[in-house]
Amino acid sequence: MLETRKLESSIAGTQILRGADLVLAPGRTVGLIGRNGAGKTTFMRSVMGLLRPDGGEILIDGTDMTREPAHTRAAMGVGYMPEDRRLIPEFTVEQNILLPLNALGEDIDRSRLDWIYELMPEIGRFADRRALALSGGQQKLVALGRALIVGRKLLLLDEPFEGVAPALAQRLIEVIGVLRGEGLSVLLSESDHVHSADLVDGLYVIERGEIEKKAAETA
Amino acid sequence: QDGDPIELGIPVFLSGAASGPFGLPQQNGATVLIEALNAGEVPAPYDQVGINGRQVEATYVDEAADPVQEYRNLVERDEVDAVVGYTSSGNCKAVAPLAEELQQLTVLVDCGTPQIFESVVTDPTYLFRTGPTGTIDSVGAVRYLMDTGVDMSRVAGINQNYAWGQDAWADFTGSLEALETGSDITTEQFPQVFAGQYGAEVSALLTSGANAIHTSFWGGDLEAFILQAAPRGLFQRSAVVMTTGEAAMQRLPDEIPEGAIIGARGPYSYFAPDTELANWFRETYEAEYGNPPSYPAWKMAQAILGLKAAWEKADSDDPAEIAAAFENLEFETPAGTVRMAIGNGHQAIQGIAYGTYALDDEGNPTVENVISYNAECVNPPADQTAAEWIEAGFPGADCE
Amino acid sequence: MMKTDFRREPLYIAILAVLLIVGFFLPSWLRFLLQTALAGGLVALGVALQMRAGLVNFGQGLYYALGGYAVGMLAAQAGITDIFILLIAAVLVSTVAGIVLGLLLSRYREIFYAMLSLAVSMILYGLLVKAAWLGSTDGFNIPPVSYLGWTPDRAVRPDIYYVTTAVLTVIACLATARYLTSGAGMLCEAVAENEIRLEYLGASPRKVAFIVIVVASALSGLGGGLLAMSTGHVDPLMTNWTTSGGFVFVALLAGRGSTIAPVIGFFLLELVRTYALDLAPNAWQMILGLVMLAVILLLPEGLWSLIERRRKA
Amino acid sequence: MSDPILVTENLEKRFGGVVAASEISLSLYPGETLAVIGSNGAGKTTFVNMVTGYLKPSSGTIRFRGRDITGSSPRKTAQAGIRRSFQISQIFPQLTVLENVMIAEIAAADGKGGLRRAALTDARMQTGRAVLDRFGLGQHSDTAVGTLPQGIKKQLDIAMAAINDPALILLDEPTSGVSSDEKIEMMERVIAPLKADDATLLFIEHDMDIVTRFAERTVAFYEGKILADGPTREVLSEDDVRKYVIGGVHA
Amino acid sequence: MLKFTAIMLDGMNYAAWLFLVAVGLTLIYGVMRILNIAHGAFYAIGAYVCASALGVFYAAGLPGALAFAVMGVVALIAGVIVGLVVERGVLRFLYGRDEVLMVLVTYALFLILEDAVKLIWGVESYFVYQPYAYFGFVEIGGLPYQVYDLMIVALAIVMGIALWFWLERSRMGRMTTAVVADREISAAMGINVTRIFATTFAIGTVFAVIGGVVTAPKIAVTPGIGVEVIILAFAVVVIGGLGSIPGAAIGAIFAGYARAMSVHLAPAYELFAIYAVMAVVLAIRPHGLFARASGRKI
C-alpha cells in the first residue's frame, strides 16, 4: 500500500531523512517508533507531499507519488492526522471532518460520518461547535475523524495518542484494530510503542532519519 | 569653452497625472524650439544660431521625483549651464533658495505662486520666472465675469486642496470683494489633488445654486471634472470659468460645453497675438506633433527665449553677467512682449485674456468673446505683494 | 534571528565614521545625497526598530514631519535659528507625539498597527495641507541655522551641515544600539514572536511596544529635523503614506543586522533612484521596482546579510 | 498543615452554552505536588487558564497566598509568583534556545530593569546556561527553537516557566509529545529543583505512570467538575475515575 | 432636503466605486495574506484597457449600447490575464514569506506595472467619455444624476452578492476558507491550493480591473490614477475587517458617506474624512468591524 525507497528529505538545508525505507502491505497496521526529533513527522509529511523529498521514491498503492502535489493523496483514499491537530478554527467540528470530502467534491457519505461519531461519541456530541474552542484532546479526536472519513485505504496517524486521556486512548486502539479488520492500512507514529504494542503487525524504528525494521510483518 | 554646447537642465513632469497635459507639451515645446535655435531657423529677433552662437543641449529630468535632490544633481553632478523648468509651485518654492545658494542660473517656467519673489527669495540674483504669477488668473477671471455681465450674486468655487488651488480661490474671492460684486459664496469645494472622482463635488455645486463657478483645476483633474460635470448640466446651470481651461481644449473638444469660460494663464495659444513669432511657433510645433501647442508649450518656449535674450544681451558666458542682463529685461516671445517688471526685475508680468469656448465652422475648438487685460491691469506694482494689492482694491491698476 | 550580543555595535559605528571621512572626498551632489540618507536613515532605523517588535509602521512619516516642522516653524516663524535648540525641539515634539500616540498604538499589532498609524499620519497630512499659514502643500523654506550664535558663511555651510548630520547620526545609532541591549530593547523580538509567553513571564508586551514606539519617534523626529535643515525646506509630503512606505521599504531591505544598516540602505536606494532617473526618466520606477524584487528574491535577509555572510566566510 | 497557597472557591466558567468548568473548589498547599487528570475536554486547561488570569471565571474566587487574584492578568499573576507551561508549547520560535531562556530572565526582571542598563549581563548568561543544562537542553542552546521537535519545545517551555523561582508552577501536560523513555527523566529534572525551593507544583497529565510516580495527590476532572480529590493511589482506584478517565487496563 | 438627497446619492455612488476596488483587495488578502499594492496598478490597467478597447470600438463606428458589452468582456479578459501573469509569474515563488515582505513585493510590482503602463500607453491621457453620457441623467429630487453612476451602484451590489454567495455557499468557497486558515493541512486534505490561489488572485484582479473599466469613462485616463485608489481601498478594507466581504461593503459605505457628508457639509475636511473614520473605527474596534475568528492558542 505504501512503500518508500531511499527517501531523503531536508528542512531549511538540514537533511532530516537519510534514505528511509519502509513497506506497508495492504490491510496492515505498522508502527513507526522514534524519539523526539527522530524524523517521524518529517517522514509523514514527506509521504503526504507536504515536504518535497530530495531523493528516493514514494509509492502509494503502487503509484509513484514522489513528485505529485500534496492534494492528490486524498483522492487516493489517504487520510492524514497531523500531530498538531490543525483544524480550521471557523469551521464546525462536522465541517472539519467533512472537509476532505468537500475538497474532492464527493457526496457526503452520511453513514461513514455516523460511523465516526459512533467510534468517538465525544465528537458526535459537539458536532456543530466551532473547532476554535475545543480542548487539545478534543481537537485531536476531530483530526482523527477527519483522517478517517477519507482514509479508505491508508491512514497516516502522527502520534495519535498523545494528549488523549487513557480511557479514550484505549478505545481508539480498539477502533484502529477494527479498521485493520476492514482492510485499511495504517501507519502510526509514536515515541514508544506503549499504546500500539498489541495493535501493530509490524514495527519500524526511526532514528536520525534512518528507518530500521524491528519486527517483521507477519504477512 | 566657446565652441561647447550650452547644457540646459529641464525638469518637467515625466510621470504622474501632470505628465500628459503639462510635461509632454513642455518637453515638446522645448525640443522644437531648441532644434530650430540650433539650426538658426527661429524668426527675428531670435535668428542668431543657438544661444549666443553656441549650440544648445537639453537634459530632461522628472519633476515628479525629489525636486531638491534632482536639482542638485543637475547642478553639481551634470553641471548644466542653466536650469529651465518646473510647473508645480511646491517644487519652485523648494528649489528657489537653492538656486541662489548654488549660484545657478535658473528660470522657472509655469509655477504660479507669487510667493517666490515676495517671500521665498526676496533678494534674487540668479533666479528668474518668465511666466506670470497666478494672480493674473484670478483677477482676470473676476474682471471678465463682470465685463461680460455674468450674474455674480451667488458664486461657488472648486479648487484643488493644495497651495495652488487655495491661493487661486483666495485671490478670486479677494478680487470679488475688491470689485464689490456683493457675491454670496455658496460653497467652496477643495477636493484632494488627483482625486479624479468629483461626483459628490459636482452634486454640491449643482445643489448650491451658484450663478458663477470658479475653478483653477488643471491637467487630468480638470479633464475629469469636465467629463463628470458637463453631462449633469452644470455648465447650463452656471457660468463656469476654468482658469487653465485652454490646456484641455485640444484634448476634449467635444466635451467642453460651448460657452464655458476659458483661460490660458496668460496670452498664449488662442489668446496669443498674431505675430510672425507666434505663428512660426504654432506652425512648427503642429508640423512636428500633429496638434497645436497648448499653453504649457508656449510658456516653455517663452522661458528659453528669455534666457537666450538675456544671454545674448550680456554677450558673455558668465552667469553673473547673464543674470544682470536678465534683470528688468524686456523680450519678445510668441506671446508678445514680456517684461521682467516685478520681483526686483526677476518676475515677468504679462496680460491675461479670457474667452468663451466654441467650435468653429469646421468643428475645431476655438474661443470667442475674448477680452484681454493688459499686464498693468492684473499685476501688482513692483512695490506691493499680490495679496496687499488685491486687499487694497487694485491701486494703480491700469486697465485701459 | 536575534543578534543577542550588541556589544559589537561600536565596530559598525567605526565603519560609519570611515564613511564620514570618505564623505569629504565625494562630489558635493553625492555627499548631499549621503547627508539626506543619513537623516532619512534615522527614520528608517526607527521603522526597523519597531519591526523587531513585529510592528510595521506605515505612518512613521508623521514623526519625521513633526521634527521637520518643529525646526521649520521655530526657524522660519519664531526666528530661533540655533541648531541645538532646533534639534532638541524636533526631538521633543516628535517624542511627545510618540508618547501620546504610543499610548493608543501600543495595543495594536500587525496590519492594524500599520493601518492605524497610517491613518493618523494621513490626518496630519490633511491638516498640514489645509494650513495655509504653513504654506499648505508647498510647505515652506527654512533659513540657515546658527551654531551658538555663529552663522556660518555660505561657502562652508554645506560642510558644517554635513558634519553635524553625520555626528548626530552616529550618536543616535550608538544610543539606539545601547537601547537594544537594554531590557526593553531585548524584549522587542519577544513581542513579535509570542506575546502570550511574554505576558506569562511577567513582562508587559504593551510597555515594550510603547517604549519602542517612543524611541522610534525620537529618532524620526531627529531625522526630520536634520533633513529640514539640510534641504532648507519642509512640506506635508513628509507625512504622506508614500514617504512612510519608503522608510518601511528601506528598513526591510537593509535588514536588521545593525543599527546603521538602514542608513546605508537608504543611501543605496537613493543612489539607485538617482541613476535610474538619469538612465531612463520614463522608466525609473520600473528599474527601482526590479531592483527591489531582485533584492527581495536574492537577499531574503536584507542587504546587511551580504556583510554578515562575508564575515562568516 | 500550613495555610494553602492557592484556594479556588466554586470556580465556574461558561462559554455561551458550554460549561467548561463548574464548582471547582480546590486548595493547594505549599510544597505539594499535585496531578490533575481527566478526560478530554474535562476542564483541566480551563482551570489553569482561570488561575493564571488568561480566562476570567464566570463566578467564584481565586486566592493566592491569601490575596484575591480573581481576574487579574497573566502578567500580574506571573509577577505574583505563579508560572505555567502550556499544552501547546509557547515559545519564541525564531530565537535560539538560549535566547529564549535569556528573554525569560529579562522579562522576569522587566519591572526593575527597563531602559537603563544592558540586559544581557554575564551573570544572566550563566544562569541561562545553567538552566538549559538542568533541563538537558544544553546541546541545543544555539539552535533556532522553531526547528526543534515538539518534545524539545515542550521542555523549553517548561524551562522558561521555571525561571526566577516561582512559588507556584502549573504545567499543562508537560510530558505529552515527549518520548516515553524520557518522560520520567524529564519530570525528575523539573521537579527536583522546584522541590528544593519548596515550590508548589500542579501538573496536568494523561500518563498514569507519571501521575503515580510524581504526585502525592491527584484531582480528577470530568465534564467540568471535580470527580475525585485525594491521595493519588486512592483517586486512581476509584471506580468513576477508572471508568471515565483511566479506562480498564492501568492500575 | 436637496442636500440630503445629494448626500444619500453621492455617498452610495462613492461607496459602490470603493467597494468594487476594495473587495478584490480584501479577497486576496483574506485568502493569500497578501496586501496587494499592485491592486492599484490593476485598476489603472483596467482603465487603460477600457480606453483602448472603446477607442477601437468607436472608431469602428459600432452602435453605442454594445460598448457596455465590450467593457464587460475586456474587464474579464484583462483581469484574468493580468492576475494569472502576476500570480504565476512572480507571487507563487514567494508564498510563505513574511507578510510585510509581500507588501513590498507587491509595491515593487506596482512600480513596474505603472511604468509598463506608461511604456505601452504613453503619458498622454485617454478619453472615452461616451458611455458616461450614454444613458443621460435623471432628476432625483431636483438633482440631476447620471444613470451611469446609478448603474455602477447596481453593478457593485450584484457583484458583491455574487462573490459573497460564491464564498459562502459554494464548495469552492468553503475550501477557500480552509485554505485561508491553513494552507498545508488543506493541501493534505485534498484541496488544490495552487488552483485556489490562482483563482482567487484572478478574481480579485478582475474586480480591480472592473473598477478601472467602469471609471475610465468618467476621468482622464492618465498615469498615476492607481496611486490614490489603493490607499483608499486599504482604508475601506481595514474599516470593514480584513478578509471580510460584508466588511468591505460596510467599510465602503462608511467611507463613501464620510466623504459625501464632508463634501456637502464641511468641504474643508474632505481630505482626511476617510482616515478619520478609519482611525475612529480602529480605536473602537481594533480589528475592524468584521474581525475574523482565530483559533484557540493555549
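Order of writing sets the labels: A, B, C, D and E. Residues in every chain begin at 1.
Note that in this section contacts are C-beta pairs under 8 Å (C-beta built on N, C-alpha and C of every residue); 3 or more make two chains touch, one makes a residue touch a chain.
Note that this is a predicted model, so its numbers are computed, not measured.
> Count the smallest number of chain-to-chain hops linking subunit A with subunit D, moving only between touching chains.
Counted as steps through touching chains, the separation is 1.
> What are the chains that subunit B and subunit C both touch?
Both subunit B and subunit C are touched by E, going by the contact rule given at the top.
> Any idea whether A-E or D-E has more C-beta pairs in contact?
A-E
> Quick check: how many Å separate the C-alpha centres of subunit A and subunit B?
The mean C-alpha positions of subunit A and subunit B differ by 75 Å.
> Distance between subunit D and subunit E based on Cα centroids, please, to the nearest Å.
About 49 Å, centre to centre.
> Please report how many Å separate the Cα centroid of subunit B from that of subunit E, as a whole number.
Centre separation, subunit B to subunit E: 36 Å.
> Taking each chain's centre as its mean C-alpha position, how far apart are subunit C and subunit D in Å?
The computed centroid separation for subunit C versus subunit D comes out at 43 Å.
> Residues of subunit E that touch two or more other chains: which are they?
114-115, 118, 123, 227, 268, 271, 297-298
> Please output the residue numbers of subunit D that touch at least 2 other chains, ranges allowed.
45, 54, 87-88, 90
> Can you pull out the residues of subunit C that are in contact with at least two other chains?
129-130, 196, 282, 284-285, in rising order.
> Report the complete set of touching chain pairs.
Pairwise, the chains that meet the contact rule are A-D, A-E, B-C, B-E, C-D, C-E, D-E.
> Mind pulling up the subunit A residues that touch subunit D in the complex?
These residues of subunit A touch subunit D: 11-12, 14, 35-38, 41, 83-84, 122, 129, 133-138, 140-141, 159, 162-171, 191-192, 194.
> Touching residues of subunit B toward subunit C in the complex: what are they?
Subunit B residues touching subunit C: 14-15, 60-62, 65-66, 68-70, 72-73, 75-77, 89-90, 93-94, 96-98, 101, 113, 115, 120, 161-164, 166, 170, 193.
> Quick one: in the complex, what on subunit E touches subunit D?
Of all residues in subunit E, those touching subunit D are 297-298.
> What part of subunit E is in contact with subunit C in the complex they form?
On the subunit E side, the touching residues are 35, 90, 93-94, 97, 99-101, 103-105, 107-112, 114-116, 118-119, 123, 227, 231, 234-235, 238, 242, 268-269, 271-272, 275-276, 278-279, 282-283, 286-288, 297-298.
> Which of the residues in subunit E end up touching subunit B in this complex?
Residue list for subunit E touching subunit B: 2-3, 6, 9-11, 13-14, 17, 114-115, 118, 123-125, 127, 129, 132-133, 136-137, 143-146, 149, 215, 217-220, 222-225, 227-228, 259-260, 263-264, 267-268, 270-271.
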